[in-house]
Every structure is written in structure tokens, then in C-alpha cells.
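Take a look at the structures below.
The two complexes that follow have chain A in common; it is paired with chain B in the first and with chain C in the second.
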Partner chain A sequence: MLLQVSDLAIRSRSGGVRILDGVDLQLGAGEVLGLVGESGCGKSMTCYAIADLLPAGLVRAGGSVRFDGVDMGSLDEPARRRLRGGRIAMIFQDPTSHLNPVHRVGTYLEGALKRHRGLSGTDARMEAIRLLERVGISDAKRRMNAYPHEFSGGMNQRLMIAHALACEPDLLIADEPTTALDVTTQAQILDLIETVRAETGMAILIVSHDLGVIARLADRAAVMHCGRIVETAPVEALFDRPAHPYTSALIGCMPTVDPDDCDPPRPIRGSVPSLADLPGGCHFHPRCDRRMPACGLARPPLAALADGQSSACFNPVPTW
Partner chain B sequence: MSRFLANRLLRALITLFLTVTFVFIVLRFSGDPAEQMLSPDATPEAMQAFRERWGLDRSILEQYLFYVRNIASGEFGFSYANGRPVIDVVTERIPKTLILTGAGLVTLILIGVPAGIAAALRRNTAADRITMSLAVGGYSIPSFLLGLALIYVFAVELRWLPSSGSGDWRHAVLPIATYGLAGAAGIARFTRSAMIEVLDQPYIRAAKAAGIAPIEIVFRHALPNASIPIVTMLGFNVAGLLGGAVLVETVFAWPGLGSGFVRAVSQGDLAVVQFMVLIFTAFMVSVNFTVDVLYAVLNPRIRLSDHGAH
Partner chain C sequence: MVSAVPILEARGLGRIFTRRGGLFAPRSVLRAVEGIDLELPVGGRLAIVGESGCGKSTLGRLLLGLAAPSAGTILFESMEHGHRSPADWKRFRRESALVQQNPLAALDPQMTIGAQVAEPLTVHGRARGAAAREMAERGLVEVGLGPEMMARFPHQLSGGQRQRVVIARALVMSPKLVVFDEAVSALDVSVQAQVVGLINAQQHRLGLSYLFISHDLRIVRHVADRIAVMYLGRIVETGPIDAIYRAPTHPYTQALLAAVPRLDPRARRPAVTIRGEATASAADGPGCAFRTRCAMAIARCASERPELLALGDRATACHRAGEVSEPQRERMELVS
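Our next item is the complex of A and B:
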């Protein structure tokens, strides 16, 4: 396993609100794992926890993150820093605000090449230009002197991808890389991610609330709800026969023999509960059509069903 | 960029012109200089002679045109008080004021900016709270009171430094400390909040995600962004130093523009007052212009877009 997240918990420093509660994720080398869930369920915090970038108000409350067999918690800060931006690269939603407004494109890329690959001077410059060309930014030489605010959002996301590629990472964490972009640009960025993945064979953890993105890129997907993983499965299985009622509600399409025969999408009943005031047992049970008395009392464990599919539900949707 | 600067330069010139006019109007309507300068028992003939000598008997419009023409050609007239050329009376005081305010500015930057950065990095710790309480204290004391307190401690009680005059460098220490400490308090608070705001920006998290070392994040990624508002604030500080010179130089009996201004006003020496107000304005205008230029240099979003108003 390239990345093994076990029983990861995060809470807020002040109130003790649980943001993540026992999150397990596995990602093999070269694999693409999609992480889906509604806004606020903890997808970004999962990414930040993996890269050790939690905001000041949040703390780890347990669990471990192992990268390539090494517990990240056992590393000292310089060693973790070498991993970040080196073997683990990250791209974000809203690329423009994640780029330093006073740094030129060239400075940004050359910095990464210098830090993690020891390149400098003309070598770094040539390599930076090559990276820009590789992610489809035309007129790369001239644009080395540009500032991020002179680029469109799509170009800035290309730039962040170029920066991520600079260090030839084993793992790319992509937190909603297309959410802030218009539809055409979204498609182009997804194409680009697919291309570089095919070229480099790096593993990708891709976060999105857009099931279409997940279906297109991911090999496997994990569904998150209120800080917990409620289901994980190969993408085809997840879309064809979701086992957790929440997944099935997200997909908005109950399983049938014919996967094309779907109900029209419908919103999930009720509203997302507040993390500060979660219902007991399964956090989804008040909104669930299949709830049983036990659901409000105990937390269902993530249990293996078949073919790499696991679901945290006492009364899963039949998948046969 | 060039359009931005041309725009700012034009604004500066307009400000200067308006000040010239405003000063003229205020001073000419605030009383008859002849009555203020001459003793109450001066004869009407002496009064008349004074008015003729300084052109005060002509129409207001004539006086104004005369005044503007003189200023434009560098003629500032003579001090009513002692007949010396105004330009000499004033220019001999300029370096004195520049030494104090310049050294004061350097001091306040050297104390205020590092203190603000340190407090921002240790946000909500005891060190942060102590620094900020000191800053609030320093910020709320008027600078001349701070000056008096320094005189009391270092000149009267400890007798380490002279309390007034301008003989050697030792005379400059307390007034510079007054400017430096009073200004550092405000800049420390401002730097702290500017740094905190920048450190919370997504691009700082992205920099951490790229494995950049904390010290580099602070000085190469955060500070250049925070320096944009800090420089603007420093511009206000310089303006404050020049304004504060009136009080601080008087407290320390330092023969600069500030104390000279107080003296000229109390003597009703209009020619000198007029020129000093112009000099002050010219300083302010050039400080603002410098800030605008620095702002554009530090902020690529202004530098490159010609329509960049902030």
C-alpha cells in the first residue's frame, strides 16, 4: 500500500467537535481513489491531515497515516517536509488563491525544482518551461515572467499541476481540482490529469462532490458522510450497486438490473446534520429510508461485502 | 504602471497648488499682519509703511497673483520678525527635522515590524499578548507625554542624557526614542494583523504543501504580501512624525521645523508660517507619492494593470 490511513480522527481544538471520526483509506501505487461526499463532510480535512497541514484550530485525535510503509507521525518535521511537495504533491480547488500573488510563474516552478530536485539556474529554467509546455500552457517561455493574476483559473490549475509534476510525485492529492472552473475548462483539466496519470503512473487521491468526476477518473471510490467513511468500492460497483443507503441516495438512483433505468435525481431528505450536534449511532439514520432500531444506537462498522466493496450499514441495500 | 504614476504625480501637484491657495486665504483673513507684527502704539504712518513694504495694501487678487508668482519663481520673501530671507530661516531647520524623523522612522521600523511578525507567529500565546499590551499602551500615550516621561527618567532622574538642545548626538537620542517608540507601537499592531491575515491565505497552505521551510514561508511568501499594507501604514507614520515634530521638537527644544513653526505662529511671522506650511505639504505629498510608487513596486497586480486603483 502506498497510502494507508487508519482510524484517523480530527477534532477542533476548542470545542472538541469531531471533524473526522475513524477514517480508513487505502491507496495502492498507481491507483486512483475518489473521495466523495457532501460539502462540509470532511473531505478537505482528510487531505490536509494526510499532508500534515491541518488548520491551527484542528488537531489530530488519533489514528495513523502511513506513506509507503512509514508512519508519518514517526518522522521529524524536515523529513515530512521532504515528502510534501516531493513524493506527495497537492493541488487545490480555486487555484488562483493558492498561488502567491507576488511570485512569478517561473519563480514558483523553479523553487520546486530547486527544493526537491536540486536543479538551479538554466537547468531549472529549461525544466520549468518544459513543465509548462507539458501541461498545455502555450508560449511558455514568455509566460515564465507572468503573475498568477494574469492567468485564467484554468491556466492556474494547469500551473499547479505543472508544479506538482515538477517533483515526480508518487501521490497526487487533488482536492476538488475542477470545482471552481467552468464546464469546458473542467473537462480539459480532467483530460490533463488523466494524461499525466497515464504518463507517470502516479497514484491520485481525488476529492470531489461531483460523482461524474469520480466516475471518470477513479478506480475506487470512498464515500464520506459527516466525518466517516460509509462505503468504499470499485467505482463500477459503487455506481451499479451502492450498498449504503447514503451512497444510493447520493447517486439518486436505486439499483436495478439495468443500470440505465434510474429514477430522476432527487434531493436527500432532511438536511446535513451539524458536526457539533450529530445524531447518535449512524449519523445518516434520521434521513435514511432503511433505518432500523439499532441504527440510532450503535455505529455500524465498515464491513466487507464482496469484490472489495465495504459498507458501514446495518441494513445495506441488497447488492445481488 | 506609468499611467498609474503619472496619475499620482498629477494628484500630488494639485494637492500642492490647493495648499498654496488655502494657506494664502487662511493667513490673509486671519488678521492684519501689520497690527500683529508692530507694537500696539505704532503710528498709523508706520503701519502704512509696513503694509506698503510687504505689498499688503494692494487688492487681494493682486496679492494672490503676486504670491503665486513669487512661489513659482522661488521667491519667498523675508521674515517679518527679523528681516532675514524666509528661505534661510526655514532651510537651516530642515536637516534638523529630517535627522530626527528619519532616524525615528528607521527606529520604529526596526522595532515595530519584527515585533509584529513575532507576535503574529506566536498568535495567542503569552508573548503575543505581552507584546500587544505594550503596543496598545505605547499607541495610546501622546508622543509629547512619552517624550516628557523619557526626559524625566533619563535626563532628570538617571542624568544619562541631556533633556534639551541639539549640541551633539546625545541630544538626539531621546527625541528619536520618542518617535521610534510611539510609532513602533502602531506599526507592531498593524504588522501583526497584516501578517496574520496573510498567513491565513490559501497560498500559504499551498506553500506548506510544497514542503517549503517555515522561515522561508514567513520571509519570502508572507512578508512580501504583508508589506503592501504595511508600507501604506508607514506612509501615515511618516506624516504623523512630521506632524508630531511640532510637539516633540518643542518638548526637547530641538531647533527643527516643528519648533520653528510654533515660534513663527506665536510671533505672527506670516511669511515664515506660509513657507513652512508649504514645506510640510511638500513633504507630505512626496511621502504619499513615494508610498504610491513603493506600493506599485511591491504589488504586481498594480504594477502591471494600468487601471490599478487600490
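Our next item is the complex of A and C:
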């Protein structure tokens, strides 16, 4: 396993609110894992915890993150820093706000090439131009002198990807990389991510609230609800026979462009509970069509069903 | 169906913004909306889609008289906006509403939900005091929010609840015409599904006529009957949604639809996409504004602007309309 997240828990420093609660994730070398769930369920914090970039208000409350067999908690800060932005790279939803506005595109890429690959001078410059061309930025030589604000959102996301590639990472964490983009640009960026992974063989953790993006890119998917993983499965199984009622309900909410799909999106009753005031037992039970008395009392463990599919539910949707 | 007088009609509608020149940039003219003709029948539900910056919000604001057109005419119930007296405008304001793009910006953080929903009633002299409060409360219940919401403030509500409040406020006057501008775009899918159900229920109840602006091609199918696809300020294809989704004839519509991710992991193919991004300058001069990104473009596309030509109840602005493009062929192969 390239990445093994076990029983990861995160809570807020002040209120003690649990943000992540016993998260388990595995990612093999070269694999693409999709992480999906509704706003606020903890997708970004999972990424930040893995990349060791948790915001100041949050602390680890248990569990471990092992990267390539090494417990990241056992590493000292310089070693962790070498991993972060080196073997582990991250791209974000809003690339423009993660780019330093006073740095030219070229400076930004050359800096990364120097730090992580020891390139400088003409070598760094040539490699930076090559990276820009690789991510589909035309007229790369001239664009080296541009500033991020002169780029569109889609171009800045390409730049972030070029920056990530500069370090030749083993793992790319992509947190909603296309959410802020038009559907046309989104398709271009998803294509680019797919091409890059085929070329480099790097593993990808892709986060999205859009099941379509997950279906497009992921080999396996994990569904998150209120800080817990409620289902994980190979992506075909997830869409063919979702086991957790929440997964099934999420798929039922998704509109499509298929004119033969006449059912209007089916809402999930009620609303997502607040993390500060979670219902006991299975956090989904007040909204669940399949709940049983036990569901409100105990936490259902993530249990293996078949063929790499696991679900945390006392009464999973029959999958035969 | 006998086509009655449309509730809303636009002819040759245009809006230009002049951008002051910067240090290096010359002063330039942006045609945010250009040459738009549209008709909304009573009870009609028209979706407006297109990429960011194509002019959807500007069109919505023009139609509601919230921005002044640079060209063209708008008629609401056969009366031209340009010929309205102040009293006519007042009546139009009572009978129309805008659901703004950003619900947080649309609500006043200092005012209770109840007061904000009741506000249009008092402003337009429809009701005041206890009567207005009662109507507001009923409006909230209609959108699935309990009376306990009346005393709350916006920050005490979830995103979905805020969006419902904005909709309740838009509908409290029982308007005839509504422009929903990205009313569900920021919501989680589970909440989006609720709000879509709500909009449909209210449309039935009030017989609303509306424009539903969205960049999401998936959701508009469930709230509208017809669609107008915009590219750099112009309508490039329009017609019944299902017919267009089944067989888009404009290369841009084809590309937009092909770019929407499917829910089927087996359908993952190299997504056929259009090159590059929309550049406003492509809309200047003669020729088709889409030609710079179009896989079908021929010499004529650069020299002659394609007109929006009607065929039955559909219309397309493309010299090669209906020819099967590569993206479209791949899609058809996928479906079969």
C-alpha cells in the first residue's frame, strides 16, 4: 500500500467537535481513489491530514497515516516537509488563491524544480517550459513571464498541475480540482489528470462532491458522511450496486443529461446534521429509509461485503 | 396548443459594457448580450445555459428592467419596458422577481428571516404588520421551512435553508414572472433535489412563468421545458430541452453536452472536449464567435455570422447545423 490511513480522527482544538471519526483509507501505487460526500463531511480535512497541512484550529485525535510503509507521525518536521510537495503533491479547488500573486509563472515552477529536483539555471527553465507545454499551456515560453492573475481559472489549475508534476510525486491529492470551472474546462482538466497519471503512474486521491467526476476518474471510491467513511468499493460496484443507503440516496439525487432518465432527482429527507450535534449510532439514521431500531443505538462498523466492497450499515441495500 | 400572447418577449436585445482602458489595455467594448430574441409563454419555463461570462445574468437583469439595454425592446404582457410610466414600473416590480445568484449576498445579515420575507409585501403596499407577517410565515411553510424560522437570522441557517428563504421572498408577492439566477448551483445535490422539487411545486401552484439561469446542464432538464444555449452574448441554439439533448445541432451544444460527466464509470472515454476557452474578442467582427474553438469550422465561419435559423420549434445559429460532429458521433456510439 502506498497510503494507509487507519482510524484517523481529527477534532477542533477549541470546541472538541469531531471533524473526522475513525477514517480508514487505502491507496495502492498508481491507483485512483475517489472521495465523495456532501459539503462539510470532511473531505478537505482528510486531504489536509494526509498532506500534513491541517489548519491551526484542528488537531489529530488519533489514528495514523502511513506513506510507503512509514508512519508519518514518526517523522521529524524536515522529513515531513520533504514528503509534502515532494513525493506527495496537492492541488486545490481554488488554484488562484493558492498561487503567490507576485511570483511569475516561471519563478514558481523553477523554485519547485530547484527544491525537489536540484535543477537550476537553464536546466530549470527548459524543464519548466516543458512542464507548461505538457499541461496544455500554449505559447509556454512567453507565458513563463506571466503572473497568475493574468491566467483564467482553468489555466491556473493547469499551472498547479505542472507544479505538482515538477516534483514527480508518487501521490497527487486533488481536492475538488474542477469544482470552480466550467464544464468544458472541467472535462479538459479531467482529461489532463488522466493523461498525466497514465504517463507517470502516480497514485491520485481525487475529492469531489460530484459523483460524475468520481465515475469519470476513479478506480475505487470512498463515500464520506459526517466525518466517517460509510462505503468503499470499486467504482463500478459503487454505481451498479451501492450497499450503503447514503450512497444509494446520493446517486438518486444526481440529475443527468440523459433524456430517457425521466425520474426527477430524489431528495434525501431532512438536512445534513451539524457536526457539533450529531445523531447517535449511525449518523445517517434520521434520514435513512432502511433504518432499524439498532441504527440509532450503535455505530455500524465498516464491514467487508464482497469484492473489495465495504459498508458501514446494519441494513445495507441488498446487492444481489 | 394555441399560442397566446407571450408573457415576456425580447427583440434584438443587446447590452454593451465599455471597459475603461488600463495602463496597457486600450479602451474596449464588450458585447455582454447581443441580438437576443426570445419569447416566454404564460407558464413557460425557459432554461438559459452557457459558460461563465456568456451573459446569462446580464440577460436576466435586462429582462427584469434592472439594467438598461443598449439595443432592442422588451415586452411584458405586451407593454414595452421603454414605454412604462412610473406607475407601470411599480406594477411590473410587483409582478416580477429575481432570485439572485448568491443567496448570502441576497440576504441582510442584520434582519430576521421573517422581516426579510415580509419586506416586499410592505414595500409594495400589499400588506403590513401582522398580516404581512402571517403571509411571510405561510410563504416559508410553502418552501418547507417551519414558522420558527421567522425569528432567526441568516447565519443561523444552512445554505439550503437560505436558498429557500430567498425563493420564499421572491414568491411572497405571487409574481407572474421570475428569473432564477443559479438558484441551486451552490447547493449539495441532496438539497438541490429538494429545491428543484420546491420550484416545480410552486410553479404548479402559481402558474409561474420563469427563466432558469444555470451553467449546469444536468439540473435544467428538471425545471424547464425549453432551453436557450448562449455563447459570448448570443443564443446559438434553442428549443425543447429533450429534443436538443437527444440531438444537439450546434457544435457548441454538442460539446457542452459531451463534457458533462456521466454517472456510468464504464462510459469513461477520453472526454471529447472543445479546445481552449471563450475569448470575448472572438465575438467582434464578422463570423461565428465559436469558430476559434469549433471542430467543424470552415472558411465561411470566419467571414459570415451564422443567423439563428428556425427549424420547427428549434433554432440554431451555425453554418453546419445538424451535421454530425466527431463528439456527437462518439456520444451516439456510446449510447447505442
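Keep this in mind: the second predicted complex is superposed on the first by the 308 of 320 C-alpha atoms of A that agree within 3 Å, B and C clash if a C-alpha of one lies under 4 Å from a C-alpha of the other, contacts with A are read in each partner's own complex, and residues count from 1 in each chain.
To be clear about the criterion, a contact is a pair of C-beta atoms (placed from the backbone, for glycine too) under 8 Å apart; a residue touches a chain by one contact, two chains touch by 3 or more.
No experiment lies behind these values; they were computed from the predicted model shown.
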Chain B versus chain C, judged by how many residues of chain A each one touches: C
Let me test your reading of the model: by the given contact rule, A:N100 touches which partner, first (chain B), second (chain C), both or neither? first
Touching A:V213, do we find chain B (first), chain C (second), both, or neither? second
Between chain B (first) and chain C (second), which, if any, makes contact with A:L75: first, second, both or neither? neither
According to the stated criteria, A:T184 is in contact with first (chain B), second (chain C), both, or neither; which is it? second
Have a look at where A:G86 lands relative to chain B and chain C in the superposition and call it first, second, both or neither. first
Looking at A:E236 after the superposition, I want to know if it touches chain B, chain C, both of them or none. Which is it: first, second, both, neither? second
One more residue to check, A:A249. First (chain B), second (chain C), both or neither? second
In the complex, go through chain C and note every residue touching chain A. 51-52, 158-161, 188-194, 196-197, 200, 215-219, 221-222, 241-242, 245-246, 255-268, 270-271, 273-274, 277
Quick one: in the complex, what on chain A touches chain B? 48, 51, 53, 56, 81-86, 89-90, 92, 94, 97-104, 111-112, 115-116, 147, 149-150, 160, 163
Under the definition above, what is the set of chain A residues touching chain C in their complex? 38-39, 152, 154-155, 182-188, 190-191, 194, 209-213, 215-218, 235-236, 238-239, 249-251, 253-259, 264-268, 271-272
Mind listing the chain B positions that touch chain A in their complex? 123, 201-203, 205-213, 221, 224-225, 298-301, 304
